[in-house]
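Each of the next two complexes has chain A plus one other chain: chain B in the first, chain C in the second.
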Partner chain A sequence: MTVSTALLPVLDDLNKRFKGRLDAVRAPRADEIYIHAQMDLVAGFTAHLCRRWQARLVSLFADDARAGEGAFHLFYVFALDAARGFVLLRVPVPPEKPEFASLTNAIPAVNWQEREIQDWFGLKLIGHPNPRRCALHDDWPEVYPLRKDFDLRTELPPFQGARHKFREVEGEGVFQVPVGPVHAGVIEPGHFLFSVAGEPVLYLQLRLFYTHKGTEKLFENLPLPHCVRLAESISGDSGFAHATAFCHAVERAADTEAPPRARFLRSICLELERLHNHLGDIGAICTDVAFVTVNMHCLRLKERVLRLNESLTGNRLLRGMACLGGVRFDFDAGQIQSLRQFAAALRPEFESVVQLIESSASTLDRLKGTGVLKPEVARDLGVSGIAGRASGLDRDLRRDFPHAAYEAVKIHVPLYQAGDVEHRMRVRIAEARESLSLLEQFAAKLPDGPTRVEVGEPPPGATALGWVEGWRGEIFHWIRAAPGGRLARCKVKDPSLQNWPALSEAILGNIIPDFPVVNKSFNLSYSGTDR
Partner chain B sequence: MSLDLPDVVLQTVLLLLLAPLVSGCVKNWKAKLQNRRGPPVWQVYADLLKFFRKDVVISEHASWVFSCAPYVVFVAALLAGLLVPMATARAPLSLFGDVLALVGLLALGRFFLALGGLDPGSAFGGMGSSREMTIAAVAEPALMLAIFTVAIAAGSTDLSRIVQFAQSPDWKWFNPTHVMAFAALFIVLLAETGRIPVDNPATHLELTMIHEAMLLEYSGRYLALMKWGASIKQLVLMTLLVNIFFPVGLAAAGPRAVALGVLIYAAKLLALAAAVVIVETTNAKLRLFRVPDLLSAAFSLGTLALLSTFLFQ
Partner chain C sequence: MIAARARGRPEIEWANWKDARPAAAACPTGAISYQDENGRRTVRIDLAKCTFCGLCADVDEAIRMTSVCECATRRREDLETRAVYNLHPDGSHGGMISPPAHATPAQSESLEVLGQKIKERAKEMFGRSLHIRQVDAGSCNGCEMEIVSLNGPVYDIERFGIHFVASPRHADLLLVTGPVTRNMELALKRTYAAVPEPRLVVAVGACGCSGGIFGVNYATRGAVDAVIPVDVYIPGCPPNPWALLHGILLAMGRWPEKADRGRQERETAGAGADAFSPPRNGLPSGCARSKLAPGFRPV
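Our next item is the complex of A and B:
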C-alpha cells in the first residue's frame, strides 16, 4: 500500500484519532484512500476531516453490495485539496435495517444526494430536515431502482400516487407563480415555484428530475465501451468532460494510464468544450438583459469553435472523441497548426466583444448586484465550478488535482468575491482567455507517441474514482467493476446537482423579472442533475 | 367644419396598412444592426394573416371580458388614430375630440388590455397587467404634459389646430420648450410601445415580459387584433411625435398634395423608427424598478417644458 506523501500525515492523524474504530484502510492508488468504518463514526469522522484537514464532502452515494458483502455500502467522498488526494469513507448499511443517519444539518451540501439515496435504494434517512422525495417524484410507487433486485426491464404501471405538495407561503399580497416544467424556448424541463410579494421573490422551490433516465442503472447493463458513449450523453454540453471522467475512472481501476499525447489531446478537447460553452453563456447572459448585439457576436465566435471542433474531431460537440485508454483520433501537424492559428485569431475578436460589454453601462447596471450568492452560503452548499469561483471559492480540479495533461501547464484560476451575475460572467470571461492560452500551450508542448493504449478489464470488485473539471464545475465518476468487463456500479456526479440549491438562495430578495438572467448565469444542466 | 368621408376612409386605410409595416421595419432593421438577416419587413402582415386564419383557444377560466378586450383595444387604437393629423394637416375626426379624447382612448385600450391579461387568471398575465399599469401611471401624465406644452403655444387642444399652428411662421423649431417636450414624448413612446429599455418585445422569457405577458393567453384572431392594435397605437404615438414637432409637408388639399403628403409622412416615420431601432440596439433593458425612474425623467421634462412655455412667451 503506497500512499502519497501529502496524504500520509492525514492517514496517520485519522489512525490516531479514531484508533480501533477504523475497520480497514486500503489505498488502491496513492491519491485514493478507502476507509471502512461503521455508521456511528460518520458524523465525527466527517467533522474531524473537514475541520482539521479542510476536506470537502464532494460526493455521497450508495452501492448495493448485498450479493458480495451482505450489506449496502455508503460512500462519503472527501476531497483534500491541499493534500491532492481523496479519502472515501465506506459504511455498511445492513439490509435488515435499511436506514442511515443524515449529515444534512451539518453539511447542507449533501441534502439532495442523501435524498437520492433514499429514493433509489430505499435506505431511510434519519434526522434529515426535509426527507421528502427528490429524485423519484412523489407519484412513484415504492420501488428502489438502483437495488440489484430491480430488473432494468421492469415496466411500472401508470403512476397513481399523490402529487407533490409544495410548501405554502402565506401573507398579505403573497402570490405563487408557477413556472414550468415545460418552458418557452429550447430549455429542458424543471419546475420553479416562486412565492412573490409584488415583484420581490420571497421563496423559490425547485422541482427537478423530470428527465430522470436511470442512467446509473443503465451503466450496470452495458459493456464498457458502450458506457463511454453513455457517459457522453449524460449532459449534452459537457459530453467530452463526462466521457473523459468516466474513462479516467475505468483506467484507474484497470491500473493503466492514457499515454502522454492522448492526455494532451484530452486537455485540448476539454478546453475547446469550455471555450464554446463560455462563449455561448456570455452571449446568453447579455440576451437576458436584452443586449442582443453581444449575443450575436458570441454566437458567431462560438460557431467558429464548433467548426474547429468538427475539423479536429469530426464532431461539432466532440462526440465520439473520448475512448478508454486515450482518444480516438489523432491530430496531424496541419490540424495542430490550425488550432494555434485559431487561438491567436480568436483572441482579439473575443477582447472586442468583452469591450462591447464593458462599454455598455446599462448592461453592467443590470448584472451588478443581481443574484448574489454569498461566499459563506456557497461554501455551505459546496457550490463548485464557475459559481463557486465567483463567490470566492478558490477551487479548480485542473490545478488542485491535475488530470489529463494539466500538470504540464500553469493554470491561472480566476477568483471573484461578489457572487453576483456580473462576477459569474467575469469568471467566464477570464476562463475563456485562459482557455485560449492553454490551447496554445498544449499545442506547443504536444508530445509525440501513441494516442491510445489498450485498457484491460478492471479486476472484478476494483473501485476507482475519476474526475474532470468540466466547464461548469467538478465532475466525478466512481465505478465498481464486475466480472466480464462490466460495471457493478457507476456513480455520476454532475456539478449541476451540487449547484441547483444555490440558485434558490441567490434569487432571494431579487425581483422576479431578474430570475432568467440569474438562472442563466448559473446555467445548470437539467439532464446532468436528473441522469 | 364637416366630416369628410373620403378623409376618414383614407386615414383608416393608412392606419391599418402602415402600422404593421412600421413594426416590420423596426424588426428588420434591428436584426440588421445585430448582424442578423432578420425577417422581411412584410413579415408582420403574414403573421397577422396567419393568426386570423387560426382557431381561438380560450381558457375555461376566462369570462366575456377576455373575448371583448381585443375588439376594444383595436377599435380604441384606431379611433385614436383618426384624431391625429397624419398625411394632411386636418385629422378626419377632429370634430369629435381633441387631445384629451386621444389620451382617454389610449387609456381605455390599455385598461382593457390589462383586464384581458388578468381575466384568465394565469400568473404571467397578472404580472404583465400589474407592470403595465405601474408604468402607465407615470407614462400617461408625462404624455399629457408634453402635449399640453404645444397645446398652450397653439392656444387649442385640438390636434389639427396644433399642427396648423406649428406650420405657421410663429413656430420656433428648436425652441428649448419643444426639445424638452419632444424628449419627454420620445421616452413615452418607448414605454408605451414596449421597447427596450422598458420592455423587450422579442423575448421568450415570460418572467421578464410586460406587454407580451398580457397577450400570452391570446390566440387566433384575438391575438391578431391585439397585435394589430398594438402596432396601430405605436403608429399613432409616432405620428404625434413627427407631426407636432416636425410639421413639414402636411398636405392641404387635392390628390397630388395628399400623395406627396403621404410620402413625406412615411419618410418622417421611418426616420423616427430608425431612432427607436438605434436606442433598442445600443441599450440593455432596465431593471423593472428602474423604469419608473426613466419615466419620471420624462415627466420632469414634460413639466419643465410646460413651465418654460410661460417663461419664453
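Our next item is the complex of A and C:
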C-alpha cells in the first residue's frame, strides 16, 4: 500500500484518533484511501475529518453488496484539497436492519443524496429533517430500483397523476405559484412551487427527477465501451466531461493511464465544452434582463465553437470523441492550427461582447445584488463550480486535483464573494478568457505519441473514483467492476445535484420575474440531477 | 458549412458485407442487429436508434460514415433497412438473398432553401407562420442545445416564419425530445391535448425516435410514439440544425391531410359536439380541455 506523502499524516492521525475502530484501511491508489468502519463511527469520523483536515464531503452513495459481502455499503467520499487526495469511508448496512443515520443536520450538503439512497435502495433514514421522497415521485410503488434484485426492465404501472404534497406556506396574502414541469422556454422539465407575499418569494420548493431515466441502473447492464456512450448522455451540455470522468474511473480501476497526447486532447475538448456553454449562458443571462443583443452575439460566437467541435471531433457537441484509454480522434497539424487561429480570433470578439455588457448600466444594475447566495450558505450546501466560485469557494478540480493534462498548465481560478447573478456571470467571463488561453497553451504544448491505449478489464471487485471539473462544476464517477468487463455499480455525481438546493436559497426575497435570470445564472442540469 | 469530419448517417456496402456481428456488438444502441434462422441471417439497420457515433465503421470495412444528417422520415419503418444473407458455417455472410430496400437518400439542401420552402408552405397553409412548442420529455438536454441554436442569429429561423411559443395552446407543432420518462408521460399527454387540432408532432433525436441508448426500462417508456402519435421522426444525437429544419419541413407536408381529417371528424360528430371535444386518441380522461364552456365555439 503506497499512500501519497501528503495523505500519510492524515492516515496516521485517523489511525491514532480512531484506534481499534477502523476495520480495514486500504489504498488501491496513492490518492484514494478506503477506510472500512461501522455506522456508529460516521458522525464522529466526518466531524473530525472536516474540522481537522478541512475535508469536504463531496459524494455520498450506496452500493448493494449483499450478494458478495452480505450487506449494503454506504460510501462517504471526502475530498482533501490540501493533500490532493480522497478518503472514502465505507460502512455496512445489514439487510435485516436496512437503515442509516442522517448527517443532514450537521452537513446540509448531503440532504438530497441521503434521500436518494432512501428512495433507490430502500434504506430508511434515521433523524433526517425532511425524509420525504426525493428521487422517486410520490406515485411510485414501493420499489428500490438500485437493489440488485430489481430488474432494469421491470414494467411499472403508468403515472397516475398523484400529486406531491408540498409544504404549506400560510399567512395573510400568501399565495402559491406553480411552474412546470413543461416550461415556457426550450429547457428541461422540473417543477417549481413559489410561495409569495406580494412580489417577493418567501419560499421555493423544487420538484425534480422528472427526467429520471434509470441511468445508474443501466450502467450495470451495458458492456464497458457502451457505458462511455451512456455517460455522454447523462447531461447533454456536459457530455464530454461526464464521459471523461467515467473513463477516468475505469482507467484508474484497471490501473492504466491515458497517454500524454490523449490527455492533452481531452483537456482541449473540456475547454471547448466549457467555452461554448459559458458563451451560451452569458448570452442567456443577458436575455433574461432583456439585453437580447448580447445573446445574439454570444450565440454567434457559440456557433463558431460548435463548428470547430465538429471539424475536430465529427460532432458539434463532441459526442463520440471520448473513449476508454484516450480519445477516438487525433487532431492533425492543420486542425491544431485552426484551433489556435480560432482562439486568437475569438478573443477580441469576446472582449467586445464583454465591453457591450459593461457599457450597459441598466443590465449591470439588474444583475447586481440579484439572487445572492451568501458564502456561508454556499459552504454549508457544498456548492460546487461556478456558483461556488462566485460565492467565495475557491475550488477547482483542474487546479486542486489535476486530471487530463491540467498538470501541465497554470490555471487562474476566478473568485468572488458577492454571490449574485452578476458575479456568477463574471466567473463565466473570466473562465471563458482562461479557456481561450488554455486552448492556446495546450495546442502549443501538445506532445506527440499515441492517442489511445488498450484498457484491460478492471479486476472484478475493483473500485475507483474518477473526476473532471466540468464547465458547471465537479463531476464524480465511482465504479465497482464486475466480472466480464461489466460494472456492478456506477455512481454518477453531477454538480447540479449539489447546487439545486442553493437556488432555493438564492431566490429568497427576490421577485418572481427575476427567477429566470437567477435560475439561468446557476444553469443547473435537470438530466444530470435526475439521471 | 458542415465539416469534412462531421458524422452523419452510416452507409453500408450491402453486397460486400462479410459479417454483421462485429458491428452489431460495437453498436451502443442496438441500431445494428441481426437474427439467424435456418442458415440465413436477417440484418437490420435502424436509423431511429443510430447516434452516428461511428463505432461500427471503426470495426467494419463495409461501413462508412457519411456527413448526411437530414434523415427525417414520416414513417418510423422508413428508418429501418433490412437485408437477408446466406450464412457460412463460421457465421460470416454468404450471398445476399434479399437486397435492402433503399430508403430514398435525403437531399442535402442549403439552410436557405429549406427555410424558404418552410416559409412558403407555412404561408399557403396558414396564411401565417408556424408556431412550435418544444417539450423535453426526458432528454439529456443535447437536443435542446441544438434547438436553441436554431433560434440564434446564424440560423435565425424566425426569418422563415417559425416561432417557438411559450404555450402549447398557441402551437401548431410539438417538437418532442425523449426518451419519454415515466415521470413525464402524463405531462406530455396533457401538453399534446392542449395543442389545438390539427396538430403535428415531431419526435427529435435517437431517444425521441426510439428511446435511444436508454430504451425502455423501469423509468422510461422509450420512444415518443409510445405515448402520443408522431408525424415525423428526426434521427441524430443530437440532430444538427439542418436536420431539425429538414424534419420540420417534412412535417408540414402532412398538414393538409391532417386538416382534412380533423374537419371530417368534426362534421361527422354532429351538431351537438363541441369542436374542442377531447381528441379520440386514447388519452386518459382528465387530459382533455374539458374546462371550456359547453357552448364555446372557436371563432
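By our rule, the second predicted complex is superposed on the first by the 526 of 531 C-alpha atoms of A that agree within 3 Å, B and C clash if a C-alpha of one lies under 4 Å from a C-alpha of the other, contacts with A are read in each partner's own complex, and residues count from 1 in each chain.
Keep in mind that, in the parts below, a contact is a pair of C-beta atoms (placed from the backbone, for glycine too) under 8 Å apart; a residue touches a chain by one contact, two chains touch by 3 or more.
The model shown is predicted, which means the values in this text are computed figures rather than measured ones.
K.L.:
Which partner does A:Ala184 reach: the first (chain B), the second (chain C), both, or neither?
P.N.:
Both partners, chain B and chain C.
K.L.:
With the two complexes superposed on chain A, say which partner A:Leu317 touches: chain B (first), chain C (second), both, or neither.
P.N.:
Once the two structures are laid over each other on A, A:Leu317 reaches chain C alone.
K.L.:
Classify the contacts of A:Met296 with the two partner chains as first (chain B alone), second (chain C alone), both, or neither.
P.N.:
Both partners, chain B and chain C.
K.L.:
More residues of chain A are touched by which partner: chain B or chain C?
P.N.:
C
K.L.:
May I ask you to decide whether A:Glu199 touches chain B, chain C, both, or neither, giving the answer as first, second, both or neither?
P.N.:
Only chain B; A:Glu199 stays clear of chain C.
K.L.:
Going by the contact rule set out at the top, does A:Asp288 touch chain B (first), chain C (second), both, or neither?
P.N.:
first
K.L.:
For A:Thr154, is the partner it touches chain B (first), chain C (second), both, or none of the two (neither)?
P.N.:
second
K.L.:
Quick check on the output: what are the common chain A residues between the chain B footprint and the chain C footprint?
P.N.:
Shared contact residues on chain A (touching chain B in one complex, chain C in the other): 184-185, 296-297, 300.
K.L.:
If you look only at chain A, which of its residues touch chain C in the complex?
P.N.:
Of all residues in chain A, those touching chain C are 137, 143, 145, 150-156, 158-161, 181-182, 184-189, 209-215, 217-218, 222, 225-226, 229-230, 233-237, 239, 280, 296-297, 299-300, 302-303, 306-307, 310-317, 319-320, 328-329, 525-527, 530.
K.L.:
So in the complex, which bits of chain A are touching chain B?
P.N.:
175-179, 184-185, 198-199, 286, 288-293, 296-297, 300, 360, 362-363, 365-366, 370, 511-516
K.L.:
Within the complex, which stretch of chain C touches chain A?
P.N.:
1-7, 26, 28-29, 51-55, 58, 65, 134-149, 151-154, 164, 166-168, 179, 181-187, 191, 207, 212-214, 216-221, 237-238, 240, 286
K.L.:
Considering the complex alone, what residue numbers of chain B touch chain A?
P.N.:
Against chain A, the touching part of chain B is residues 33-36, 123-124, 126-127, 130, 196-197, 200, 202-208, 281-290.
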